[in-house]
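Each of the two complexes below includes chain A, the first together with chain B, the second together with chain C.
Presenting the complex of A and B:
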């Protein structure tokens, strides 16, 4: 460690500011976090990359097996099913953004009373513990006594056994995901709406533009930065689907439908901690890392085309 | 007939649309409350039971009789408080150094920390599990709490907050002979209190609700936090629906109440953290 004593400096002498050196102090400040991040996050990333190329022995120890975990992963249908389910979930949950645009602009109505009450009501599902709301959703979706199928029955629709039918189960989980994500988007879009100068609406009003026209030509274009942010965040969170799926559908040993509804993270959990194939689980994790990076890069690329910048 | 001012004219329609949406959003909570006060037979009856015959408050007593609810509540409280305090301590210190101090290798260290933000949690979860196993902490609150003491997101948030402060205050304190820690503690830290509360709120929400990590490091239900404890009940046919629903409501109520009480702060905080 260097123990440089700080020379006393004249207050405002040297014009081109020389960078001040703080000696060992910065290292003291950074050390607690830095060591924790290095031990529990950075080094583990390297290790996972390595694990994905190895086989875990039953009695401990690892053997290098090259790309065999990846070969197993790509030749077996589970990965594609998991990618498909994850993308379907993400696509459905993305609907929260247009819904939230409508809700947020309604909340932004000038002179609206009770806006903060509405905001809290829309926000609570986002705050609620996923595993704590899962049970009531299971009851709502229940094929025999669920209230959803009863309501669908009024319209002559014969609802499926949502939780135990492959295909329907992932849709059910997505609906819960959609419900719980609207609130956050409403808040972020609300902040975006505050940035829009009211004069724009006043001018539009004077020109005789209808509410709908103002929404289309002022609100939506000026909200595109927030909308872009929310789509990136929703896609990243969508790839992380686990809690809601696990909580609503339960574990694989109890319910065979879970196999067909597995998400990428569920596949990771299943391999790493249920069937204990840690090498394979590490390979799944690396695939998720690449997919998230690619999806985010594509979104940033596309956003250059539609996001309003001033 | 006099008309109200222009912008007010459509507010009845707006209220109608917003309340309809709010009813849909609140329906699961309302249903959960009603069903938690019903009998198991009422929950599962094919003919509609909108309102239970008698309100069975004893279902809530059953939660404490049938489930290790108090143990799990204790675990949730403990891990949340410890993680929030640790994140505030570690992230403000590091965030301050990254924002306001000069040192060799700063850009590199900062980039390494922030790179974590782009990595999905599965990528570091297996080795974290191995570390906890090697330390003999599987199934303990120590194991539950440990990796979550450190937060790259929190560091990013604190660094941003410190960057926004003017340099003059700091310079003045330094000229008065305060050492860097004194400057940090007495001058700079009090100025970023709003950002610290944003960090505390997001860390609380994450820690209270998190499922995957507790699920892998604990097996005994009495050593789980509430999130994992409830998740393992989903397939447990020995516990009645109303009791599980009551337990779920009790488990999520603390955060719901906290957020209703602190709504302004939470909403402003999340909005600003969301907008960078």
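Presenting the complex of A and C:
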């Protein structure tokens, strides 16, 4: 495609243009957004960076302590465990993207009856109240009386106590995360599918391409921008895992397994609001910031290699 | 972005950071609290009152209705936040000095808020004769004083007893033990019930990760301390004996495993009729009211170890130091602590009021169950162990103890680890 239809660039003017001076008007127009970002994002980041270098009183008041919070954080095994759990969760939830690609293209089958009903069904978990969803899953996961273990029992599998066995708990939470994120991906990919010109499929059919071949050679490559978007969003959301973990597993007072299943943000919550070590919590927040930035940078770099852009 | 604005941004950031650094250090407001005189009957004010227990709201609304007969112009809005989120919320409110005018406080969190000048002491109301601390159990009143300043009096009190479901005993063909029972009797009865009713998934006893209703009691009964002179009491023979009690109960099959108890907590096992004996607080009365098993309930004192003991605790109403209506808030605080309101609270039956002489209504609220046990227990009760940052070592308890209870590690090894970590947390305070 690239060989024939290269658009001709408009000829550039001979002299390099002088940067135009627009005065304050552009700044005025970006101000609503700019001020919002500065007040609610940039300024808190600066504050948190400073707090991470201090010992922070329970109700405010700081004492500068240099890098001691970071020292404590990096010498303490909790951080690495939290990173591991967060990565595991993110990896499992990322599976929603390939699943959603398949589901979305099935929903897009021409002549499918009740497609909108299916679309609603897939989207429901995404709009349902997360806490209510978590409560229901808690009951499903219950080791003695839960539906899941009952069903596994029919196949002779003795299911663990999902939310109170170290190792199983984080997988259980990830499954809930995966389940609730598929709907959103299906909608995004569905919109992406609508953008693919039907002529491509018609042409492929004339050339004798099978449905599978069409899926592999047309659908997937042309969906890559949506897929890339979804994976970036999923990774960022994965690094921010807290609510699902908190709602499904409960607090450490209720469930000691939480110590083994902590995510980075849970570690932050624990330090900040439970053990009242807010300086350490700020250090955790900085680590999360750096990790998300690095992960996103890597993704953008890699995307240049596989994302199809017209 | 041009050079100028980039530089000014940097400068601004630096300036802000210096300003922040200068903000350190708390204010030293006096701990004496405000002067108090009883407000005029036509005082107009709006108060918020934060609590965490939904089951007590009905009784509190009665209290407030009675209060409004005296002060019709003071509007009180009750705000209920579940216990797990209550403290996160309260901490945020305290940091921004937006605490509700009146709020519930418990022992483990009290010292933190009092030491940071977040609570207005009751020195004024006591001097004015609106509150008399001598009317409440001394062990409890002392829980809410710091460095000789009294910040509140308990509104209620609770002790721990064993809630027994007689129907389960009957089903298992086991006799309900007498009131003077021992640890050995408890263990053997729990084991017998669990064995006989195994096919129905019913257990005799249950441990759990809540110290106040379980292992604090057994440590006290073994003659030990959870915390004494700023040191952990876990790694002592008595501490180990108190922890071992629950490890033994789970190992013998007398209790569901820790994993099972995490999925379904001991009180849930009990209210669904799948547990014979539940170590629980007197507050559990409210959760039983209206359930199918209510008529099968009887209460026993805790089985005796080396000595008889139980944990006593009570919630207190505190006035926020940042309250704009301190006079009205103290008036409500004093009213809720007074005999009339306490009597009402007792008659509602959800908790035991702390005011001496108002407790009989609680005992009579469930006549068949012998709730008197909880009142008699005051005699040998020990205050809930607390320190300046209680939650920090409470976290360590729930982190280390499950290994001892489940038998994955020997008790002595766990108490050693726990005591070392806990001592480190205590020196930080």
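As a convention for this text, the second predicted complex is superposed on the first by the 264 of 310 C-alpha atoms of A that agree within 3 Å, B and C clash if a C-alpha of one lies under 4 Å from a C-alpha of the other, contacts with A are read in each partner's own complex, and residues count from 1 in each chain.
Everything that follows uses one rule, which is that contacts are C-beta pairs under 8 Å (C-beta built on N, C-alpha and C of every residue); 3 or more make two chains touch, one makes a residue touch a chain.
This structure is a prediction, so every number in the text was calculated from the model and none was measured.
Student: Is the arrangement of chain B and chain C around the shared chain A a clash or a fit after superposition?
Tutor: clash
Student: Should A:298 be classified as contacting the first partner (chain B), the second (chain C), both, or neither?
Tutor: After superposing on A, A:298 lies clear of both chain B and chain C.
Student: Examine A:256 and indicate which partner it touches, taking first as chain B and second as chain C; both and neither are also allowed.
Tutor: Second partner only, chain C.
Student: After lining up the shared chain so the two structures overlap, which partner does A:242 touch, if you call chain B first and chain C second: first, second, both or neither?
Tutor: Touch status of A:242: first partner only.
Student: Name the contact category of A:136: first (chain B only), second (chain C only), both, or neither.
Tutor: So A:136 only meets chain B here.
Student: May I ask you to decide whether A:67 touches chain B, chain C, both, or neither, giving the answer as first, second, both or neither?
Tutor: So A:67 meets neither chain B nor chain C here.
Student: Does the superposition put A:161 against chain B (first), chain C (second), both, or neither?
Tutor: Second partner only.
Student: Go through the superposed model and pick first if A:203 touches only chain B, second if only chain C, both, or neither.
Tutor: A:203 contacts neither chain B nor chain C.
Student: If you tally the residues of chain A touched by each partner, is the higher count for chain B or for chain C?
Tutor: Looking at chain B versus chain C, the one contacting more residues of chain A is B.
Student: Where does A:145 make contact in the superposed view: on chain B (first), on chain C (second), on both, or on neither?
Tutor: both
Student: Going by the contact rule set out at the top, does A:182 touch chain B (first), chain C (second), both, or neither?
Tutor: first
Student: In the combined picture, which part of chain C sits where chain B already is, 7-15, 25-33, 61-69 or 79-87?
Tutor: 79-87
Student: Please identify the positions on chain A that touch both chain B and chain C, taking each partner from its own complex.
Tutor: 43, 47, 144-145, 250-251, 254-255, 273.
Student: Tell me, which parts of chain A touch chain C in their complex?
Tutor: 43, 46-47, 50, 54, 57-64, 141-146, 161, 163-165, 250-257, 259, 270, 273-277
Student: Within their complex, state which residues of chain B touch chain A.
Tutor: On the chain B side, the touching residues are 5-8, 10-11, 14-15, 17-19, 21-22, 25-26, 28-29, 31-32, 35, 43-46, 48, 89-91, 93-94, 96-98, 101-103, 106, 109, 112-113, 115-116, 118-131, 146-147, 149-150, 152, 155, 175, 179-181, 184, 205, 208-209, 211-212, 215-216, 226-228, 230-231, 233-235, 241, 244-245, 248-249, 251-252, 255-256, 259-260, 263-264, 267, 270-272, 274-275.
Student: Considering only the defined contacts, which chain A positions touch chain B in the complex?
Tutor: 11, 19-22, 25-30, 32-34, 36-45, 47-48, 51, 103, 106-107, 109-114, 116, 118-125, 127-140, 144-145, 147, 150, 179, 182-184, 187-188, 190-192, 205, 211, 226, 229, 233, 236, 239-240, 242-243, 246-248, 250-251, 254-255, 265, 268-269, 272-273, 278, 281-282, 284-286, 288-289, 292-293, 296
Student: Would you pull the chain C residues touching chain A in the complex into a rising list?
Tutor: Per the touch definition, chain C meets chain A at residues 13, 16-17, 20-21, 23-26, 84, 87-88, 91, 94-95, 112, 116, 118, 201, 209-210, 258-260, 262-265, 389, 391-392, 394-395, 398-399, 401-402.
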